[in-house]
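Across the two complexes that follow, chain A remains constant while its partner is chain B and subsequently chain C.
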Partner chain A sequence: MNERLNGKAPRKLLFLFEILSLSLIFLYSWEGIQTETYVIAVGLVLLIYFSNFLLARISKGDSYIFLIVCMLISIGIIMIYRISPDLGLKQLMWLTFGIAMFFAAYFATRYIGFWERLTPLYLIGSYVMFAATLLMGSRTHGAINWINIAGVSVQPAEVTKIILVFLLAAFYGGDEKYRRMKNAEMILMMVAYSFIGLLFLQRDLGTAVIFFGVFTGLQYIYSEDRRLIFANLGLAAVGGISGYILFDHVKVRVTTWLNPWPHINDKGYQITQSLFAISEGGFFGTGLGRGNPSFIPLSYNDFIFSAISEEMGIFTGIGIIMLFMLLVYRGFKIALRQDNQFFRIVALGISMVFGIQALIIIGGVMKVIPLTGLTLPFVSYGGTSVVTSFIALGILQGASEKRGKAGAANE
Partner chain B sequence: MFDLLSIVLKYVFVFIIYLFIFTIIRMIYLDIRSVDYGNLESGAYLKLLNRIDSLPYNLSDSYPVEGELTLGRQKDNIIQIKDPYISKKHFRIIKDENEFFLEDLGSSNGTYLNGERVLDVVRIGKGDMIKVGELEFIFIDGA
Partner chain C sequence: MNSERKRIITILIGLCMGFVLLIGYLSYFQMFRAQAVRDNAYNKRLWINEDNILRGGIRDRDGEVLVYSETREGEAQRIYRFDNLYSHVIGYSLKDYGKSGLERKYNSYLVNANENTAINELINLINPSGVGNNLSLTIDHDLQMRTRDLMGGKKGSAIAINPKTGEILSMVSVPDFSIETLSENWTTVSENSDSPLLNRGTQGLYTPGSIFKILTAIGVIQKGVPEAIYECTGSTVIDGYTIRDFDESGHGPLNLEQAFAVSCNTYFADQAVAIGHDNLREIAESLLFNQKMDFDLETTDSIFPDKSIGLTDLGASGIGQGRVLTTPLNMLMTVSAVANDGYMPMPYIVESILTPGGLTIDSHRSQSIKVLDNGEAQALKRMMREVVASGTGTNAGLKGVQVAGKTGTAENSSGNNHAWFVGFAPLEDPKVAVVVLLEEEGSSGGRAAAPIAREIINFAINNVSN
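This part shows the complex of A and B:
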């Protein structure tokens, strides 16, 4: 009877999972293992364990989202380490940095009160990010979305995602003077479409879809003008169709989605390998270290879901989907409980970003929807992705706490 | 050796992941924050399961049970709830030689223990749910 009330139970399960999986993976790459690997691995397990412990003490807000995410990163890191120990090691460092940023973002949202008054800053910030990408960006895998800052590659679009959420939240839930401007919502829509257009130019289709999804979702909830919503949907349809006709890279995605088998040697290679991997795994997978995830290009990144399904089974894959559903559910719950309109929209927006991103990439690798290159938040390898996802999570955690009705002063 | 271990552990991993998800869902369902109750208080106490801020009256998170704990609308109750649904003297919990008993004091809308209406006196133990109107308490015996 008392067991179901024990808040420590999931923490213990998480701990057990990590110990087992890490020892298995060390056994797998017994030769060529370095002492620092142990140190970092043990460090990560302790870090996750203690950050959960600490968070339960300092935060009166939600206590589930961080736990859920810890499970996701644990599944991700062992898969990445198994595919490439070097990347696994790097990912461990990114995760450590990410968790530190989680706490930083949490305290920033908790103690800084003027986030809803920075609308112009968000607007300028987003355009600066886009300009930086277009001017200094380098092209990888067909998309210009990386820039190099002091030897570290970052993906500005990942950061812009969070800024977009803040921009929309500040518009709908913050200072009223922007909403009172003539045609304010029309201007906001144009801004959103200019972002989407710029992402299209960078050929970063996945992120463009996220931007569109978040914008449409929040517009649907908060816009008072129903006509604009229909205009938005109409524009999206027109844009999608003309994109298909005008741009080759869009056409390729759709062709390989409809029928990749004739193109198995070139453009359909990734998706077919992904499908082979998922079917190879079956219900429980081949077992860690016993599959061939290296057959899939980018198996540690965009296609990590297929790699996990191959070695740990589709049950683990379904588990990941359920974890994301729980995460989004908690995010919505946080939004419902939040009285502060600005933070309510921020919580909604961030949950939507997680949900849409997971949906697009998992659907993509399973050939349910056209494939667009995105990372699976918290699971895929990628420094920027991990750090920005953790920042977003920290903001969500901060938004889960009771706040005064800031912004009410303006209304 | 490694192969065998890997094959065994893949089932274990799936099991752990699902158990984890299941535990989280159950905790969300019961709406319990992951805190260590043992450190909060020792001894027996009643813990309120509703979110305090969702209630229109002042209540604290938990009430220790020392000797006798009473709940009702009247002022002399230890837990006073100004809710017309709750009777003037609604129920009480008595400690008798390290055993705890819940007694309904003839309330009009009843007291429910784990979903069943309490008719006069019942023994309660660790983890029992006590429901009065929209309020839900859990009885925790730390000793």
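This part shows the complex of A and C:
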């Protein structure tokens, strides 16, 4: 109860931010205010107000993660709207749908009790997702990671991320019969590597790194055979090096990471444009609407961090990084407080997905690490990304509530 | 259980450190790297800024306006008053093709986008249509015109410098191009086989030929054998290959001073071998061969080959053939060091940067580095005087002014020799040093380049203000 009262103060700050940034949007588009502008403003405030209100009513769990995410989506949608009002409206739609799915996922986590017993389903589900991508996938920006379902483009890998977390949680924290099989952990590692290999084939390097990170993290915490961890790291090194030698698209990433400037007109174009944007912003930014984020390709998507840094300054950029750090921290705290082993691992896995994904794409657009195409969770434009991120958050919210010990039903 | 908690916390700390590192790098990038990235000519934002800002003007040393901007029909227009004359110094500033020359190097000053402080940003918010800073150059416009006239119809470069301060007085590279019409003619100009876009004076690499003998002569002096008599028979065999003199009948017995005056190839080839690769390379590198040069315009590094070249090539290097390559600017700095008693002045073109209101933001301070002993410099001065007084460079001689210099006729793969002259005047109190390079001229330095240098020196001594 005490925690929920405390939740009100940050919520007020959140609204203060919204009011300020929306007034900037109004100022920016003063000469050509359209209905869209009002729709965005009213829609965003209402959406966030009601979802927070509702959540406080129904969930006794963590009261911060949703607030943190609300801040992230607010920054994101305002930037997206400023880049393209059309996309901004669509993003508002996706956010609404995403938040609905957040509640759905929350209730599903809360009221359905057999999640830890579905290991085979997770396994089959993942492979089906991969097969669907490889068979029906279309290539965008070099990666085959989209499929078209009833006119809507979906990225199956985004869904598979969540399934992977459940698979690992079910293995380490659920039904013991799989863990007792001969060489069980070895088989799990092979499964994980088959996923990573398939992602390599789809050229979805960013997601491959997330899979590797989540798997390695959970293996580090829960594996009983510590030698396997070293085997995993060794295998990753070998895989990384052979990937570099075998695949040109990997080589290009490394070349443009080491020195993009000689390739400024072709393969180094994206990253150099991103660096131009970040350096233009300075600490305080050029001001909303006063920069040129549209010079960066995919400024509303993979490179939204650079676009935000340009117009809102790296202080906002640092703010975003800190929000993700807080989100990860809260997620881990949820895990530490959770007595149910399965949900503890789910909470860890989801927090790691958020954390690693943010690290990879932010580090990528800053040229700290090689650039791999990924969305910045909750901030970037994109239907699948928004919806699956909210589903993952809903699960995390569900996992933040007290539960019985794992395996109680089995023993 | 306990180890599980520990490991969870380890992972959490790892992730958090990742985020902290990103924050650290982002701050570091913004403080120390962002400026250089932002100034990259490929950054399209530079252009956007300029739509609001009237680019600053550029004047010569006497205040003559060379370039300015004005608003015509609501649009900022850049007026290049002398167009071709400054195509390599001032350069172009085009939306589609980027920038070059001073327009590029000093862009942030010209658009006044440099001081990105919070207060400036606020001022810019209120009044975004600013006016850029002005540049004041060391160039003398009249001398620049004279130099261009003298180089008319040729291919090559001529540069005049004040050897004491490093002020560039004129700099011409031909063929040049029209800045005003460059946008329309981009393909023709950029694909022209004569490379008019190239600033030959700072970026062209050429076989130096006999002017490199200045460096070999330094080696002879440092070795302490300038008076030793050498018997020139018109050719010499080094490591099985024969190096011939221009005049194959042979110069007879010579010491350094006499060999320098007649530009005896066999003498300097044999001396180079005697000096040795390491010593000769050291001399060349002290004179900025193989070194990055800091200058207002883009430069290419002169090349002195590494040890793998063998004795024949070393002998050839001693007379400036073989694989030695230099830029005219580098040779001009070398001769300036001789003129300036062993101190090599660092060349510069931008004297000061002024606000639109006339306040000085930044002004250049002359710098020089000691590269030769005073004794070495005086000996070279005497020898170079002899070249003009009675040797290969008599065409550079003037009445009433003691000119010193060195000619060069460089064989190269084209079959037509480059004609070189480097020199300075007056001998005792040098006011101007000059380099003239005529690319693939097919004539000798003394015949083709020395007369042009003479006219530039004559004009500079009589007309350039201090």
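In this text, the second predicted complex is superposed on the first by the 388 of 411 C-alpha atoms of A that agree within 3 Å, B and C clash if a C-alpha of one lies under 4 Å from a C-alpha of the other, contacts with A are read in each partner's own complex, and residues count from 1 in each chain.
Operating definition for what follows: contacts are C-beta pairs under 8 Å (C-beta built on N, C-alpha and C of every residue); 3 or more make two chains touch, one makes a residue touch a chain.
On a predicted model such as this, the values are computed, not experimentally measured, just so you know.
The superposed arrangement places chain B and chain C next to each other on chain A without a clash. Chain B and chain C, viewed from the C-alpha centre of chain A in the overlaid structures, lie at an angle of 110 degrees when rounded to the nearest 10. Contact with neither chain B nor chain C is seen for A:395 once the two complexes are overlaid on the shared chain.
When the two complexes are overlaid on their common chain A, residue A:28 makes contact with chain B while staying clear of chain C.
Shared-chain residue A:307: touches no atom of chain B or chain C.
When both complexes are overlaid on chain A, the residue A:322 reaches chain B and chain C alike. When both complexes are overlaid on chain A, the residue A:20 reaches chain B alone and has no touch with chain C. By the touch criterion defined above, A:64 lies against chain B but remains apart from chain C after alignment on the C-alpha atoms of chain A.
When the two structures are aligned on the shared chain, A:287 is found in touch with chain B and with chain C.
Looking at the shared chain after the overlay, A:250 reaches neither chain B nor chain C.
Between chain B and chain C, the smallest C-alpha to C-alpha distance in the superposed model amounts to 5 Å. Shared interface residues of chain A, touching chain B in one complex and chain C in the other, are 284, 286-287, 290, 322, 329.
Per the touch definition, chain A reaches chain B in the complex via residues 1-2, 4-5, 7-11, 13-14, 16-17, 20-21, 24, 27-28, 52, 56, 63-64, 67-68, 71, 75, 284-290, 311-313, 315-316, 319, 322-323, 326, 329-330, 402. By the touch criterion stated above, chain C contacts chain A in their complex at residues 4-5, 7-12, 15-16, 18-23, 25-27, 29-30, 33-35, 37-38, 40, 42-45, 48, 116, 118, 121, 125. Taken together, the chain A residues at the contact with chain C in this complex read 217, 220-222, 261, 264-265, 272, 275-276, 278-280, 282-284, 286-287, 290-292, 295, 309, 314, 317-318, 321-322, 324-325, 328-329, 332, 335-336, 348, 352, 355-356, 358-359, 362-363, 366, 368. Touching chain A in their complex are the following residues of chain B: 2-3, 5-7, 9-14, 16-21, 23-28, 30, 32-37, 53, 125-128, 138, 140.
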